[in-house]
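Presented sequentially are two complexes of chain A, the first with chain B as partner and the second with chain C.
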Partner chain A sequence: MPDILAVLNGVSPAWFLIVAGLLAWGAPWSPVRKALMLIGPCFALLAWFATHETGVYGVIDLGPFQLETFRFDSLSRIWVLVFILIAFINGVYALHERNRMTDGAALIYAGAAVGAVLSGDLLTLFFFWELTALASAPLIFAAGAPMAHRAGLRYLAIQVLSGVLLLAGAAVWASQTGSWGCDAIGVDSAAGVMLLLAFGVKAGFPLLHMWLPDAYPKATGVGSVVLSAFTTKLAVYALARGFAGEGALIAIGLVMAVFPIVFALVSNDLRQTLAYALINQLGFMVVGVGLGNELALNGAAANAFVGVIYMALMFMTLGAVLHRTGTVKATELGGLFKSMPVTGVCAIIGALSVAGVPLFSGFVAKTLILSGAHYAHNDLAYAILVYASAGVMELSVLKVVYCAFFGEARHHQVREAPQTMLLGMALAAFLCVYLGVDYRALYELLPFGIDDYEPYKLNNVFGQVQLLLGGAFVFALAVGFKLFPLKSDHTILDADWFYRRLGDGAARWGKAMGELLVHAINTALTAGVARLRARLFNLFNPAGALSREFPSGLMALWTAIMLAAVLLVSYFSPMS
Partner chain B sequence: MTVGQWLPTALAAHAPVLLVAVPLILSTPAAILRTGRAGWAIALSGALLALLCAVELFLATRADGAVISYALGGWPPPFGIEFRVDGLNAALLLLLTGAAVLALIFARPSVENEINADKRSLFYSAFLVSLSGLAGVAITGDAFNLFVFLEISSIPTYALIAMGANRDRRALTSAFNYLVMGAIGATFFVIGVGFLYMATGTLNMADLARLLVDMDGDRVVRMGFAFILVGLGLKAALFPLHLWLPGAYAYAPSFVTVFLATTATKVAFYVIIRFSFDVFAIDSGFVVNALTYVVTPLAIAGMIVASAQALFQTDVRRLLAYSSVAQAGYMMLGLGMGSQAGVSAGVLHLINHALMKGVLFMALGAFAISYGVRRIENCKGLGMMMPMTASAFTLGALSLIGVPFTVGFISKFYLIQAALAQGWIFAVAAILISSVLAVFYCYRILVNLWVTPIPEGRRDLAQPTPYLILVPLVGLALANLVFGVHAAPLVDIAETAAAAAINAGTGS
Partner chain C sequence: MTVQRDIKSGVNPPTGSLAERIRSHAGLLATIGLGVLVVLGFGLETVLSKNGLSKYPDVYGAYEVLPLVAGVLAIALARLLAGLLHRPADFYERAAGDLEEGEDA
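Now for the complex of A and B:
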């Protein structure tokens, strides 16, 4: 065993995931693919353990560029670990699914996310950044419905755009500073702003977030689990790398933490509700990054770690519900706890974690950020985060659990979820509880040592419990007034109204006008273009003026002309 | 780096002269033997021996600033003829002899397909003379001797090109055109050397460099420079003096095209570097001005116009020939910058261009042997029928475009860097425009290769590609990839060469 570890020391875990993913993509036998989905993450985890020393490994020398594919330090360590864990859990959870496209894609996607976290320079980051976009899109397409297909295309377009922004920003950054290094960047320059936008698209910044509630609910049941885990957390990591302590991020993060509440409550699609809850989670992390002190950065990292797990758990339970009932609409579900008790318990554990109930993982992570805000004497941020943690998180996840598993039964006579799904959920649920209790295990992974921090202080616990009770009271009122579930089933358009309605309308109008214009121009231009093309062809074609076999005399003339030119230039040159 | 010596000392001491003399002497038995196979074996052994000498010289000049000076016949320079090897021409000699060996491996099936049996041994004999002449041009340290070797290399080349007349009579006019142009170029060169001799009284290049430092204002010297630059520009196919090149490349036998495209213009380019930076001091005003105001605009015009011409060609080899003119523009652009970074980028592109055009023309040779393909529309479906060759061709084409992870990307990157360091945004724009044009003309071929289905009746003709073609072809194609990823060795060679060219120009 130590031998294997010695061999794996300094080998990027990303390769194991990507190679396993490529193999799974090619493998026509389902058992092989399933085995790969478990073995790949295991090897990646081994590689993670094998690499003890922080440092840069796997440098690819590409002439002018040094691609650092494996930068292992205190910040990247924790992200990589949770990505590998969730890839494994997803492997267990997805054992029942027979879909060649999603198996391979999920692994490659995980590998790309790990690779992006480990990349030490912007070019490598760009490579893996785009790979996450490309590898994750099949997870949405695989759902098969035409709506999923369109959403997938929108998703892909926005993700690739983010990558292009990243490359452009990186190129400008490198030309200004002479370094492709992926370190602190700051928004002082145009390059910094471009990179911030590139990261912001993936992190779901307000007005850039539309792809998230648009695409996640339309992915396959398994797909949304993976999707929820990687892309956004990767963006938070990139922000922590490049923009830690950037004041603007606090404001952005606060908006992200608050605004999803309305959408989360009115959305009828429970996975969309979760997507909005996810943005709220991201808001916490972005605030943590923006605060930039050690406590807050630790908080962002811890939140990312536990957030990946409990959001995946929530999406897994809904995936199980979707698998058995074929729907996750709030209006069509209810009372499932009787038929799917284990799934229900897992969902409750996940919800308690999301809400930040003491003894669950959300609590130990969230208090770090709250303390960070407190420590930075940013009282406004503190107050808003407190409100957001009570209001948004709790209400939205309680709504999910209530609407799916309790409330009015909708006569779904279903069996409990498959064993393998249950196992995957149980693993995640176990981690949620374990990290909440044995919080030292989590804290030891954090980028900055915080041995003396104690989350279970009396006022912390009491404050949180008060908040939760307040939130629960509001929720009870809402149930009492029969606000859940909303009676109608409708599509919510938030900021994506701009591009889906306004943009669509403008596009239609523009298309009609454009067609008229094109027709008019066409008739005028066809003749002109044909003439131009004929001219060019006359000039350049094999028998054309510029390509003919020249008589030697003409060539000699050219020679003489050039000689004259050189002579003129050299005659009139000054003495040095 | 250690100065390796791996030939026996007695041979190593005479490596410079052996490199030139062995092919020259072997050309006689090759001509006498009258059988193609024997001629081929002799030519290959001659090229291999030359390669050995070149490797020896290359290793010996790896140390910083190491220069090997060999006095021919024991007459010390500047009175006798000197062979002089430094970091710049050691790299070129290695490229020249290496390309000759690879091209010769490719030659046997190709020549047997294209040349009449009774002419083959003469063909190889002419090739050996040409190789010897090119090596002499690259190695000599004497200006007049350089002219002699230029002629030695050119005359058999005209004959070699004319051998293509078997398949296409236009080879004859092309060879004749080349002959006239080559004669003009060589004459210009020798006139220039005459002027220099008049002004300085010496023909030894190192000696010239020493004397010319103080003769900046001399009109005769300037006149000499103009003649030399134009004469060599013609040999190096500097736009618009490239007119001989497309015909020569398109109608010559495949093997000759492979060899010429990888070496001949490169050698002339080397001589331009040698004279502009080494013999004439680059810091004299007229050299810089000529490079900046004449060579650079012409290089850029060549990059764009020749690429546009390539776009409209129907004959694949003509297309690639025009692309070669455009690529020569890249090298000239690097030279025109007059900076060390520019020369280094130019030399790097010289090496890389040899790698990619070697692959492309060899693959075309293979297509021609198997199916007689010459026109673009005849390439249809070849990707299915000759996957190895077509893949190698595709790699070469991608490299030509400058796709990352190929050598073409590396040299374009360095060129752009050098242009940026100079503040020449227009040069960067020209490189990008020319690259876009390259995408289009490569696309035309690649689509035919891979996308269009095989025409009816073609499938039955399938013939395997001979191994003697596949081996050098695949080797070169992989080199395009390997040095595209692991670029350090080539970049190092180019930088050493540029340093040798620029630092030696102090006249020391």
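Now for the complex of A and C:
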């Protein structure tokens, strides 16, 4: 074993995932693909363990550019670890599925995300950034329905746009500073703004978030698990790398933490509810990055780590429900706990983690960001985050669990989820509980040492439990009075209206106007040509004006006039 | 009214009835239980808050009631939002031409 570790020292874990993904894409045999989905992450994990020293490895010299493909430091290592872990857990969860496209794409996507995190320069980051876009889109296309196809195209267009912004920003940045390095950037320059926008698109900034609740609910069951893990957390990493301490991020993060709650409460598609809950979680991380102190940055990293796991767990449970019932609509589900008890328990564990219940992973991570806000004396951020997490966000995850597993039974005669799915969910659920109890294991991975931080203080636990009980009480009351959840199959308009209706309508109107214009030009040209042709015909046809015989006197007169004109022109011409 | 013992099922009627009654009122019981816990929590905090038994060291008193209000407001706002911005479930699909007239999503 030590020999293997010595060989793997300094080898980027990304390559193991990408190569395994490419092999899986090409392998026609399902058992081979499934083995690759487990072996790839295992080797990547070995490579992660093998590289003890922080530093830059895997430098590719391309003349004027030096590409740093493996920068291993305290910030990147925690992100890489959780990406590898979730790739493995997804490999287990997806063992039942027979889909070459998603098997290969999931691994390449994971590898691209790991590669992007380990990038030491903006060009390498751009390469892996775009690879995440290209590799993740098949996870939506694979769902097969026309609406999934359209959603996949929209998703791909927006992700590629983010990459274009990144490349443009990087080029301007390099021209201004002479460096392609992927370090602190700031928003003082146009390049910085472009890069912030590029990262913001993937992080789900307000009004740039539309792709997230649009695409995730339309992916395959496995696809939504993988999608929830990588893209957005990669963006948070990029923000932490380039924009830590940027004050604007606090405001942006707070908006992200609050506005999705209302949408999560009214969405009928439970995976869309989770997509909005995911934006809320991202808001916490963005606030942590914006606060910029060590505690808050640790909080952002810790939230990214546990958030990948518990949101994946929630999507896994709904993937299992989708697999068995064929739907994840709140109006069509209910009472599944009897037939799918293990899945139900996993969903409850995931929900408790999302809500930040003590002894679950969400609590030990969120409390870091709250402490970071308190440390920075940002009371407004502190209060809003408290409301957004324990007070209100709890409602939306309770809604998912209640609508799917409890509530009014919809008489779905289903079996428990396949065992491989259960195993994948159990692994994620175990981590949710383990990291909540043995929080030191998580804290040791964080970028900055916090040996003296204790989340389980009496006042902290007591206050949190009080808030959660209050939230649960409101939920129970609202359910009791039939005020919640809303039971109707509908779409709630969000910012996606701007491009799905307004933009689409404008494009259709433009197309129609263009067609009208072309038709009008065509008609006018045709008529003009016909008129010209008729006139020429009138002039030159055998009976036309120029074919007639003229009297000699008249012709002599015309000749004299033309000669006189030539004489006059030559007389007054400057050449003469 | 006396419940007849069902010999075939072998279930003790009073036990089954109680369990059924509890099950049918589980929501109400849970709500009452949660309400009691919330009140107890505030009571305990009121008694102990001199020593700072609060999540918010600088703010005491009714501060922790506000998230309860926020929860209620969020539900009200959600209902308002649903009323204002709701469209049929296949709104975008139909607009984009993925679904034709008479076709279901």
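Everything that follows uses one rule, which is that the second predicted complex is superposed on the first by the 512 of 576 C-alpha atoms of A that agree within 3 Å, B and C clash if a C-alpha of one lies under 4 Å from a C-alpha of the other, contacts with A are read in each partner's own complex, and residues count from 1 in each chain.
Everything below uses one rule, namely that a residue touches a chain if its C-beta (ideal position, glycine included) is under 8 Å from a C-beta of that chain, and two chains touch if they have at least 3 such contacts.
Because the structure is a prediction, the values reported are computed rather than measured.
Asker: Looking at A:530 after the superposition, I want to know if it touches chain B, chain C, both of them or none. Which is it: first, second, both, neither?
Answerer: A:530: touches no partner chain.
Asker: Who does A:157 touch here: chain B (first), chain C (second), both, or neither?
Answerer: After superposing on A, A:157 lies clear of both chain B and chain C.
Asker: Between chain B and chain C, point out the one touching more chain A residues.
Answerer: The larger set of chain A residues in touch belongs to C.
Asker: Which holds for A:207: it touches chain B only (first), chain C only (second), both, or neither?
Answerer: neither
Asker: Where does A:4 make contact in the superposed view: on chain B (first), on chain C (second), on both, or on neither?
Answerer: Neither partner.
Asker: Is A:190 touching the first partner chain B, the second partner chain C, both, or neither of them?
Answerer: Touch status of A:190: no partner.
Asker: After superposition on the shared chain, which partner residues are touched by A:469: those of chain B (first), chain C (second), both, or neither?
Answerer: Once the two structures are laid over each other on A, A:469 reaches chain C alone.
Asker: What does chain A use to touch chain C in their complex?
Answerer: Result: residues 146-147, 150, 261-263, 265-266, 268, 379, 386-387, 390-392, 395, 458-460, 462-467, 469-480, 483-484, 486, 488-493, 496, 500-501, 504-505 of chain A touch chain C.
Asker: Could you please specify the touching residues of chain A with respect to chain B in the complex?
Answerer: 60-64, 536-537, 540-542, 544, 546-547, 549-550, 552, 554-556, 558-559, 562-563, 565-567, 569-576
Asker: With touch defined as at the start, can you tell me which chain B residues reach chain A in the complex?
Answerer: Touch residues, chain B against chain A: 170, 173-174, 176-177, 180-181, 184-185, 188, 216-217, 219, 222-223, 225-227, 229-230, 233-234, 240-241, 243-244, 246-247, 283-290, 293-294, 298, 305, 308-309, 311-315, 318, 322, 405, 410, 413-414, 417, 484-488, 491.
Asker: Would you pull the chain C residues touching chain A in the complex into a rising list?
Answerer: 27-28, 30-31, 34-35, 37-38, 41-42, 44-45, 52-58, 64-68, 70-72, 74-75, 77-79, 81-82, 85-93, 95-96, 98, 105
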